[in-house]
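As written, the chains take the letters A, B, C and D, and residue 1 is the first residue of each chain.
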Amino acid sequence: ASAFTACQVTDTGGIDDAGFNQTAWKGVQDAIEAHGIEGRFLESQAESDYEANLNSLMGGGCDVIVTVGFLMGDATAAAAKANPDQKFSIVDFAYDPAIPNVIGQVFATEQAAFLAGYLAAGMTETGVLGTFGGINIPPVTVFMDGMVHGANYYNEKHGTDVTVLGWNPETKEGLFTGNFDSLDDGRAFAQNLYDEGADIVMPVAGPVGLGSAALADELGTDELKIIGVDADQALTDPEKAHVYLTSVLKRMDSTVQEVIEAAMNDTFEGGVIVGTLENDGVSLAPYHTFEGAVPAELQAELDEIKAGIIDGSIKIGM
Amino acid sequence: MDVELRGITKRFGSVVANDGVNLTIRGGEVLGLLGENGAGKSTMMNILSGLYSPDEGEILIDGKPVVFQGPGDGIEAGIGMVHQHFMLVPVFTVAENVVLGVEPTGRLGYLDLKRARAQVDEINQLYGLHVPADTLIEDLPVGIQQRVEILKVLFRQADVLILDEPTAVLTPQEVEEFFGIVRSLKEAGKAIVFITHKLHEILEVSDRVSVMRQGRIVGEGDPKTLTEADLAEMMVGRPVSFTVDKTVAEPGRPMLEVSDLVVLRDNDEIAVDHLNMVVKSGEVVGIAGVQGNGQSALVEAITGLARAASGKIVFDGKDITHFSVRQRHSEGMAHIPEDRHKSGMVSSFTIAENMVLNSYYEKPYSKGMAIDWPTVHKTAAKYCVDFDVRTPSVFLPAGNLSGGNQQKMVVARELERQTKLVIASQPTRGLDVGSIEYIHSRLIEARDEGDGVLIVSSELDEIMGLSDRILVMFDGRIVAEFDNTGGKADRNAIGLAMAGATEGAAA
Amino acid sequence: MSAVTTDTTSEKIATGKARQARIVGGVLIALALLVLFVLDVGAGQVATFKLSRPRDAIVLGDLVVPGQPFNLVAAALLAFLGVRQFLRGGVRWTSISLGVGLAILVMAFLVWATADKSFSLTGMLQATMVRAVPIALGGLAGVLCERVAVVNIAIEGMLLAGAFTGALIGSLLGGWGGLVAAVLVGGSFGLILAALVVTFRMDQIIAGVVINLFVLGLTSYVSSQVFAEVRSLNNAPVFRAWKIPLLGDIPVIGPMLFNQNLFVYGALILVAVATYYLFHTKGGLRARAVGEHPRAADTLGVDVYWTRYVHVTLGGMVAGFGGAWFTLGSVGRFDENMTGGRGFIGLAAMIFGRWHPVGALSAALIFGFADSLQQKLALLNTPIPSEFLAMAPYIATIIVVAGLIGKARAPAADGKPYVKE
Amino acid sequence: MSDLSSINEQMRSLLARTARGRSEFEDLVVVPVFAVVVALIFGMLVMLATGVDIATIGKSFVALAKGSLGSVNALSETLTAAIPLVLAGLGLGLGFRAGLFNIGAEGQVLLGGTAAVIFGFTFHSLPFAVLMPLSLLAGAIVGGLYAAIAGALKAATGAHEVITTIMLNLISFKLLDYLLRQPYIQKEGRADPISKSVPDAAQLPRLLDWLDPNLRLHAGLFVMLAAVVLVWWILFRSKIGFAFRASGENPHAARYAGMKSGLVIVAAMGTAGALAGLAGASQVLGVLGRASPGFSADIGFDAIAVALLGRSHPLGILFAGILFGGLEAGGRQMQVDAGVSIDLIAIIQALIIVFIAAPLLVRAIFPWGFARKSKGGSEV
């Protein structure tokens, strides 16, 4: 096989996790489509598989190996050090100091989530927003942080009193399902927030959020709207596309594709890619069905804020 | 209705339980069936009732051959069996147990318990059974449970009644009443098969007797012309002595002194009520009483299985009220429990393991934290030889032994040690005459070696035969005491005391 | 029973139960101190419980509870119960006192957590019911199996199979088709379990574990191979809530009981039917006899094997129905391992509910309550870490099982194979 | 009877052990072989049904064999995966023997592993000879104590161990999530829920890295083998084991024999938990090097199947664990070589257990290959 091959090792969530494994794989697929390369993946059932899976990819078949998630940080580093000629990239993780043959991909997710929080605060009719997470870990809570800060910023600007239920950035405590599997939890937790008055909810728990979308679908979007995370969920969950106000995009697919392209063009250099609003590594997805519903002024404010964040005049969480 | 069994053979693995058995059963007649433990009586009757299917042979009803696929077919054909081990659901009421399988129903499968109750009461009346229809089985004394079994069979309008050791758990009074029931059934034209180990019962109630040994019929006869000794010899194949040979007791120091003992049941009811008694070394004390009057609780308290709520238990001068089971055991107390299957043995354990069930931790069976298995095995083999436990190997599961041999195993375990006090509860329940003879002689031997022996039995014959002194227990207390030197105690008086009649005669 | 002479009453007869009663007394007093000192609410703070939601037909005002007085009263009540229990040691009252005590504790805790805040009580109760459904159905499936003495560890797998089938067939044939298919597939796994344990005399626990492994493997495999490619196969319609006219408008209780979807009503009806069946019909009597004393049932012509087959299959069907809830009654799509251990909790609910359908439902409701309570508390910014709040249902279960139930009695033949000669 | 030589003769025959019968041999050897074959055939059918072509199926079965047995690396992976399964399985088997159905191994693995990690990095300055064994011990103790909670509850109040251990599992997951956020435990300089790493001196050394640095087989192998012997000794040679077994088979008889049921329950649960804790410890000290959410990866649940499959006998558990380890390693290879989803392995695993655990089923499917039994055979 002389064709360029990109390989991915998933973490225990599996390739169809409706989260970072899937989004990263989409990056590989995009690269396949764009450049006619080959791609393959190995799923990990348990953490003890990471090392074994990486080992079985050594031996030259892969031009670049993409790993996913902080849990694979150690295993990837070890493999990279043992195989200095093999190119690696890890999603959602970075090394300090950098490893020469690994590109870390990290994301300033709070920037995009900040916009989502602002947007939601501008759109809510009840003055109450909600969010919940899978487990209380930074890759999850960074979304929730951004949302709360964005809503607070809206309150500051407009003198409103929009509250966000489900996360307290000071105490670092909030509402968590405790798993990333139980779609039913997604529905129940969204119902809980809805009962407390929330009309826009952002679930940050992988596929669990699909359960929240099912509730919104049933209640109707004037009652409840959902903000997706990671990918544009109006596209990944097309059947429920109409319930997503927007999605907080963490463009792992584009960074993965970028890494693959770097490897193909021999511009691969160990270090870190940081996805920000500025480089479109994170962003807000289109409103799709809500295109007409978002007022022009609000849209203008959002553009302004985006610019502010990019130029540093707006600091998140300060 | 006449039933004939022809050439019935049934094997369990390598055991031939029935070996070409022929037997005829006639309406209006009681057939007594005798045989040692494991002779194959229950197996044959289970085949007749349709529970087991025979490997060879056939069953003919009124001359026509029938094949039973299951007990349902047997019931259909009018054959009803009262099993040796009660086939009652303990958490169901009497009525529920009786109607199970032939339930009176309303619409939507509704279980018409009212009608069931009425039907039960009807049969109650007809045969004078006096069973309360609404009580849970587990709350009933065994004697009544026995009647429920009979009620079940009658309820299905059986013409052939098989009664497998129905009297094993009954008191003398209950046995008398039971015989009354049997006679009235016979008069009603039913065919009855009556299995028992008690020879006098056979003589008393049956019209014909068949004796089984090792899966075969080895003798038949007319009870009017046969004696107990004849029957026993037919059964065991050698002459058997019925009276326990024993010398006059020479009581020594008090071995067990129980004073003011109170024991509570699980539901906090009082089972033993300020009871006082003494057992001296070198004497056998028998406790007679109708089941349910606290005998079991008394034994449990003495052996440490139940807590004494108040009172004192002194064993050879030592206050053991708060000793554990194990401490009492090592002080020299031996305990033959009333239910060997439930608590006397672990069926899946080997015979060797069962032989050291409560002494495995002691020398010489253990070294440090480990068990010294070679020693255990040798000891077990010796015990088997000494106590005539018939088994091919000590490595077989104890559950494979017949009941008599299981009991001998338990007795061996308890009596082979150095003991000072032997507490034996129902030591021969369900055993054949050969085994009974053997175990009785062993208990007397223990007495003659200077042990105190306490026998608790619902079998008045056993109490009368073994004891030097008899205590009658009623409602948690000792209500009467009898000197039985030379077997001279008044049987009638004891019976009356057991029924609670002579409160004043208490010691 | 027997006439106890007067001198007995004066002496102290220590029984196990009396000791237990005294321990419970001590616990209650400790709870009183806990409420008094740990859950103490500042003067003038009020806890607000919202009884209606904006769109309810009959709108009730909020339930406003003055925090400090309420918790003082709660502490006093707990102390009274505890002291009474300690001194009198009334055996019969032990469980009741503990139950009441725990209820008071939960209320005091709620008031403390909600001081100067508010949450929707109605929503919490409705969620309690919803969260209880799969657990109750799992528990009911367990009851049907264990009543005929077949231990069903495979409830989890049967739920998962039901969920998967509901999604797949629901996508193809619509909700009702999916529901029927889920029930049938659940029933087939029941049948398989019955065949393995009854006919092939496999250890019941192994058989259950195996079915769980198998279903998890198969559904994950198919969903990753097929659903990932053909999305339309995993997009089933959801049965919507159906409000019963009038009853559904009753404040607080209405939304919980009368404004739910098919599965909630189904679960309630099934529990009622199963109770009627097990305890008031001929079939139920026979089934219970098979579970308690199979040989006795056999001697009376009840076909033990057939009875076990039928009930285990029925249990599987109930579990299949419960599984369909995850997809057809909740989110409309399947995801790997989406039942998340609810089957095992159902098993616990069955034991906790003493092998009785109503008991299993009640236990499931306690789970549901603890679960929805936990979600509310997470919103109230209590100083308790979210992980500990999430533990609440489980800890509550342990306490209740240890304190209230004691030795529950399983069907006597439970787990034992029956061998005919 | 008094004839001494006849008594000796009698004793000798009583002490003769019966030879193993043909049916035992069939159950132990023939049935498993058939079981594996049938399971693979079923696995093939599943693949066919989901549209996998024959060539790929062939490739995947070759990969399964290669990945589990076909090379040093495969054997190393098989044994590595077997270690925690056997350890936890031994604990469960011991519990089953004592009549305790402990579903809680998963939680005990989790907390035992976590304790080993915490102990390891806390006392990182200790030398290897001290730190490694003590870290293992810490895992065993914590696992044992955690299990003993369920034991104590059962002994004191009769709370059913199935419920309490299920609940303790769920609690342990949350507890671990919580612990991993605590600054003392969390990896330095990271906000992710990952514990600090186990220092080298606490790690179970790899045994074959002189051959190839990727061979992961570690000294936990010896821990596992020692545990097999130890559990065998406890169950069948020691006094406490006798009490465990007696209580498990017949609690009434055990009470009659003076065994303290409460003590036996707590001790058996504690021992079982200690073994599960050891499984967790060997996993973190030998393979993972740290704790993270859910690192136990269902070892505790798979171990239930291992223990049952091994008929709660230490040797049986050893073989069952190795079988499972082989399936895991081979399954990974299937994914690598043939691109077959790893979920398929779970299906094959389930089928193998079915057929091994139900000899009657295998006999029904394959009537040949077994000696014919006489009617009304002695299967009880």
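Definition applied: a contact is a pair of C-beta atoms (placed from the backbone, for glycine too) under 8 Å apart; a residue touches a chain by one contact, two chains touch by 3 or more.
To keep track of the chains, here are their UniProt names: B = ABC transporter ATP-binding protein; C, D = ABC transporter permease.
Treat the numbers as computed from the prediction; the structure is a model and nothing was measured.
Under the contact definition, chain B and chain D (ABC transporter permease) share the contacting chains C. The interface with the greater count of contacting C-beta pairs, when B-C is set against C-D, is C-D. Inter-chain centre distance (chain A to chain B, centres taken as mean C-alpha positions): 75 Å. Distance between chain B and chain C (ABC transporter permease), defined via averaged C-alpha coordinates, is recorded as 44 Å.
Here the CA centre of chain C (ABC transporter permease) is 30 Å from the CA centre of chain D (ABC transporter permease).
Centre-to-centre spacing of chain A and chain D (ABC transporter permease) amounts to 38 Å, using the average Cα coordinate of each chain.
Looking at chain C (ABC transporter permease), residues 224, 385, 387, 390, 421 sit in touch with two or more other chains.
Multi-chain contact residues, meaning those touching two or more other chains, occur in chain D (ABC transporter permease) at positions 174, 177, 341, 376.
Each of residues 136, 178 in chain A touches at least two other chains. Here chain B touches chain C (ABC transporter permease) in the complex through residues 12, 46, 49, 51-53, 70-73, 75-76, 81, 83, 86-92, 96-97, 99-103, 105, 108-111, 152, 262, 264, 268-270, 273-274, 307, 309-310, 475-476, going by the rule given at the top.
The part of chain B that touches chain D (ABC transporter permease) in the complex is made up of residues 10-14, 55, 304-305, 324-326, 329, 335, 337, 342-349, 353, 357-358, 360-361, 366, 369-371, 373, 377-378, 380-382, 384-385, 391-396.
Put simply, chain D (ABC transporter permease) touches chain A in their complex at residues 77, 80-81, 173-174, 177, 181, 189-194, 197, 213-214, 216, 283, 287-290, 292-295, 297-298, 328-329, 332-333, 335-336, 339, 341-342. The part of chain C (ABC transporter permease) that touches chain A in the complex is made up of residues 53, 119-120, 122-124, 126-127, 130-131, 134, 223-224, 227-228, 231, 235, 238, 240-241, 326, 330-333, 335-340, 371-372, 375-376, 378-379, 381, 383, 385-387, 390. Here chain A touches chain D (ABC transporter permease) in the complex through residues 12, 40, 42-43, 45-49, 51-53, 55-58, 70-71, 73-74, 82, 96, 135-139, 178, going by the rule given at the top.
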